[in-house]
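One chain, chain A, links the two complexes that follow: it is found with chain B in the first and with chain C in the second.
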Partner chain A sequence: MHFYQDPQFGERMITLMAALVLVLQIAMVAQRWLVTNIRVFAAQSFLLAGIATTIAYFNNAPHIYFVAVLTIVVKVIFLPVLMERLVVKIELRQEIKPLINVPLSVLISGALTILGYVVAESFYHPEAGTTPATLGHNTLAVAIALFLIGFFMMLNRRKALTQVIALLSLENGLFLAAISLTYGMPLVVELGVFFDLLVASMVLGILVYRIRETFDSVDVSKLRRLRG
Partner chain B sequence: MVLFLLLIVPLIAAAIAFAARRRSVMEAVNICAAALTFLLALTLAGSILSSGTVSAMSDLLYADALSSLVVLLVAFVYLACAVYAVGYFRDDEKSGIFEDGIVGTVSIGKLREYYALTPLFVSSMLLVALSNNLGIMWVAIEGTTLASVFLVTYYGRPNSLEAAWKYAIIGGVGLSMALFGTILTYYSAHTVLGTETLAGLNWSVLVTKASQFDRTTMRLAFILILLGYGTKAGIAPMHTWKPDAYSEAPVPVAAMLAAAMLNCALYGLLRFLILTSRCLGPEFASHLLIIFGLLSMGIATPFVLVQHSFRRILAYSSIDHCGIMVLGLGFGGPLGVLGMLLHMTFHSVTKPLLFFCVGNIQQHLKTDQFRKAKDGLIHAMPVSSAVLLMTTLAVTGSPPFSLFQSEFTILRAAFDGSHFVPAVLFVTFLVAIFAGFLIHIARLVLGPDPGVPDSETCVWKKYSLVGLACFVVLMGFWLPAPLYALIQGAAHIVNDVR
Partner chain C sequence: MIATVVSIALQLSLVLLLSPLVSGIIKTLKARLQTRRGPGILQPYRELHKLLRKGMVIPESASWIFSAAPIVVFSTAALVSLMIPMISAAAPLSLFGGVLAVVYLLGLGRFFLALGGLDTGTPFGGLGSSREMTISALAEPAMMLAIFTVALSANSTNLSEVAHSAIGQSWRFLAPSQVLAFAALFIVLIAETGRIPVDNPATHLELTMIHEAMILEYSGPYLALIEWGAWIKQLILMTLLINTFYPFGLSTDMGLLNLATGCASYLLKLLFLSALVVLVETTNAKIRLFRVPELLAVAFVLGALALISTFLF
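Our next item is the complex of A and B:
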């Protein structure tokens, strides 16, 4: 048996990649430049596609290959290119100004990661035998951490486009949870989710563009006229 | 077949409207599609009443009494809005609200936006109610947001952009929570069903096995679903997008958001509530629902009392009614669920009328601020004002009207379940909102004659109002027996915890 057929090896690969995904998420929190942020998101999505492929290979689940390809097309290529073009088009000032300064943000992200592990612990029943979750134990914790850090990023950022990136990385957390817990959702559902993601990004992109044109800024803290 | 047609008819209407070049074509297509959808919804309800459940496309689409009720309400609101929209947009065009004001390309483009996106919005709402697969249901609910974002920015004002941004972002975050909840539900069922097939997320399959689901996972899943679909329904504290979206969207769209989409979001919640109650017993969900319901009513009350805009007051009324429905579910038992479903039905019939009246008045006054309006509006707009006064009484739950019955049923459910403190708070909030509404609307409508001539000339706006008003009055005294049977059937599905 070759080493690449050993399930142990696959599990280690998945854990390694999941850890890298988490590192990239925290890098996104710490990163100040918008374009770099978009590229980090693309890299993170690429790793997710890698995780999906590994799971598909070791579990003989051909439909997950399809999901992996879709991830690469949509999240690694299409959306980042779209967002970078939007950045150029609206001549955005390149710096993200978070509400909370970077060191404290990273510290908060660390705390959220620990919270992710605490929550994931409650799903882990070693006595129940080899359910899919035994593989997903680490991965689920990472997924929950991605979800929580994504939330935090949305609250922490003021510019419209950076909020969209945060929302997409939050969605990545969900993708990881789905793939590690249940080896992906049924294919029809996955397709629907991807379609929604695509349309949602375009809708939000158009809104960002119009906000820029109307308010001469994409700072959502200036959207404060509707009250009460 | 009916299920399939229900989804297809609005899509065809959207395609035709997209290609159409004349206003009259778009109007005719939209009304025809709405009427056809409503007839199909009636057919579906009929076949559900006679034969139980209907399914199609290898169980991907599935309808029982509960989904049929929601489909019927969505179709009704669509029809009412389609008729009202004709007069509304003609007046918009006349008043030159679209920048250059010349009747021509700009306004036709705008109309096309409305007449093409609205059927898409309706179609995805119908898909919410008809899909058996909980994942597809999520996709459809997200679809309702995406189809309606550009309807909220219809007027292209800075304020409408702000409203649409809040709507899209808050909705997106909320629905991501709901997706997580759906994934967790799938996971908790996964070990029981042991299949990787599509059926693993089919509600009709899940409901039979719900008692064996993993309890810890299901608990977390329900909390996420409540927060997620609660955001979409506008339960406090996730309601902040609502006043903005409702006051910036064109009136027919706002009416659809308030009376039809609200039902769809609550429908999503209901489907998961049934699974959760079977898995964990009713108590767990009940406490959460009572807290969120009371919170929604409590947050709506002060905003209704001090409101300065007659469009935003409707949104707070909608938050209040959403709270009432969630509270009804929380009280539970046969009466609570029945009360909730009755309330959903009556609310969907009454709320569009309130929006239409306020829309007429806003178009007449060109403002939505109470203080900029002169008193004695009833002299300048006798029909709209009189109907508005009547609908205000109906919406706040005054006795002759139907919403009183459902609110009273929910109150009885509260005493049945010995929830005395929530019951007292429920009545307090209802009375406060009644008072707030009546003060504002009475000040707007009643008063000495300012000597302005009767300005209501548009027959479409006038008669769509009067027709719907007759229906609202009729519902106060007579609930058709088949409709009541459908509501009871739906309540039975929710209550049937084995």
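Our next item is the complex of A and C:
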């Protein structure tokens, strides 16, 4: 048996990629530049596609390959390009101004990660051993942490577009949880989720543009005033 | 006994000779990546040669601390370099506390360097010392957390034992805790050696310099000692990174063939890490001093996560 057919090896690769996904999520919290943020999101999605491919390979589940390809097309290529165009189009200021300063937000993300670990611990059974079927179970903690940090990022940011990025990274957490626990939901569900995401992002993109047109700013705190 | 003395002598001479070369390689690679010719990789040796021959100017207001600082900086760095495994997994010296001694002996050197900067009473020295201490105070927790992660998985703070246990577990470097600890320690390396996102080693601009501001009053042999000490410290941190996380090729005995492979793989790994440092230095702009804590907060959180994930994955 080659080492690349050993579930142990797959387990390590998945854990490694999940750790990198987490690092990128924290990098997103710490990064102030909007365009870099979008690219970090693309890199994160690419790693998720890698995790999906690994799980598909070890479980012989071709429909997960499809999900991985879909992830690359939608989240690594299409959405980042769309968002970068939007940034250019509405001449957004590049710098993100979070509500809570960066060191503190990073520390809060660290605390949220610990929370994710604590929650996921009860689901983790190392004594079950490593078979293709249990591959990636230990990434549930990372998935929960991604979800929590994404949520925190949404609360922490003022501009609509940065909130969209936070929402997408939150969805990455959901995707990781789904794929690590169930080796991919039925294809129909996945397709539905992707389509949903695509439409939501496009609608949000148009919304951001309209907000900018009407209010001369994409700061959502200014949305309280009525305009004719 | 004789074996220990021989290995100490060998490692010391290796460190003393190699550390300027690493600095030269980094400078040349950086120049080439920016399509400049660069000074050549032997330039640090020429600098040392020049500085050691020159006379010194010692400020009138300087006390004995001014003269003691370069010696303390150099000798602590040289002592520490004997305590880390470089080519063979067994380091020539292992003092109390292993890696803790490494970190805090380097801390002692830095403390004296900062005192030396303050001693002459010039505003630049004080400014440099204050900045250096701020940054190192922030970098230290991150470094300790990353090191504890490694020590925890080896059940020992002794660096030789850490290297031995790392050799024993072949895929360990892929474990998330190790990756996170590596990332944290890499940021610390950038901060401690004063590389670009944190400090620019190639400038004497008043507003931004940190290390250079501290040693502005030094000249001649003292400056040579400080620079050499800084290069050794850089080599130590790089060795710590490559040999505790990627111990490939470290020889576990004293056979000649094993030592030769150890030496070759060590140099290769060093070259890789230098290239990585150069890449980071060239693709990043120097960040504002007030943004440095943000970078180090990231390192701290990475270190903390590394420590936590050793218990969970």
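Throughout what follows, the second predicted complex is superposed on the first by the 212 of 228 C-alpha atoms of A that agree within 3 Å, B and C clash if a C-alpha of one lies under 4 Å from a C-alpha of the other, contacts with A are read in each partner's own complex, and residues count from 1 in each chain.
The working rule: a contact is a pair of C-beta atoms (placed from the backbone, for glycine too) under 8 Å apart; a residue touches a chain by one contact, two chains touch by 3 or more.
Predicted model, so just to flag it, every value in this text is computed and none were measured.
Colleague: Put chain B and chain C onto chain A via the superposition and say whether they clash or fit.
Modeller: These partners fit in the superposed model.
Colleague: A:Ser122 in the overlay: touching chain B, chain C, both, or neither? Say first, second, both or neither.
Modeller: In the superposed model, A:Ser122 contacts chain B only, not chain C.
Colleague: Any idea whether chain B or chain C touches more of chain A?
Modeller: When the residues of chain A touched by each partner are counted, B comes out ahead.
Colleague: Going by the contact rule set out at the top, does A:Leu170 touch chain B (first), chain C (second), both, or neither?
Modeller: A:Leu170 sits against chain B, while chain C stays out of touch.
Colleague: Between chain B (first) and chain C (second), which does A:Pro186 come into contact with in this model arrangement: first, second, both, or neither?
Modeller: A:Pro186: touches chain B, not chain C.
Colleague: State whether A:Phe215 touches chain B only (first), chain C only (second), both chains, or neither.
Modeller: first
Colleague: May I ask you to decide whether A:Ile77 touches chain B, chain C, both, or neither, giving the answer as first, second, both or neither?
Modeller: So A:Ile77 meets neither chain B nor chain C here.
Colleague: Applying the document's definition of touch, where does A:Ala18 land relative to chain B and chain C: first, second, both, or neither?
Modeller: Touch status of A:Ala18: second partner only.
Colleague: Just the number, please: smallest Cα separation between chain B and chain C in the overlaid arrangement, in Å.
Modeller: Result, nearest C-alpha distance in the overlay: 20 Å.
Colleague: Quick check on my understanding: which residues of chain A belong to both its chain B contact set and its chain C contact set?
Modeller: Common to the two interfaces on chain A: nothing.
Colleague: Please output the residues of chain C touching chain A within their complex, sorted ascending.
Modeller: On the chain C side, the touching residues are 171, 174-176, 179-180, 183, 293-295, 297-298, 300-302, 304-305, 308-309, 312-313.
Colleague: Note which residues of chain A are touching chain B in the complex, please.
Modeller: Spelled out, the residues of chain A in touch with chain B are 61, 119, 122-123, 128, 131-133, 147, 151, 154, 160, 163, 167, 170-171, 174, 177-178, 181-183, 185-189, 192-193, 195-196, 199-200, 203-204, 207, 210-211, 214-215, 220, 223, 225-226, 228.
Colleague: List the residues on chain B that touch chain A in their complex, please.
Modeller: Residue list for chain B touching chain A: 60, 133, 135-136, 138-139, 142-143, 145-146, 149-150, 153, 156, 158-159, 161-166, 168-169, 172-173, 176, 179-180, 183-184, 186-187, 190-191, 196-198, 200-201, 216-217, 220, 243-244, 247-248, 303, 306-308, 312.
Colleague: Name, in rising order, each residue of chain A that touches chain C in their complex.
Modeller: By the definition above, chain A touches chain C via 8-9, 12-13, 15-16, 18-20, 22-23, 26-27, 30, 102-103, 106-107, 109-110, 113-114, 117, 121, 124, 138, 141.
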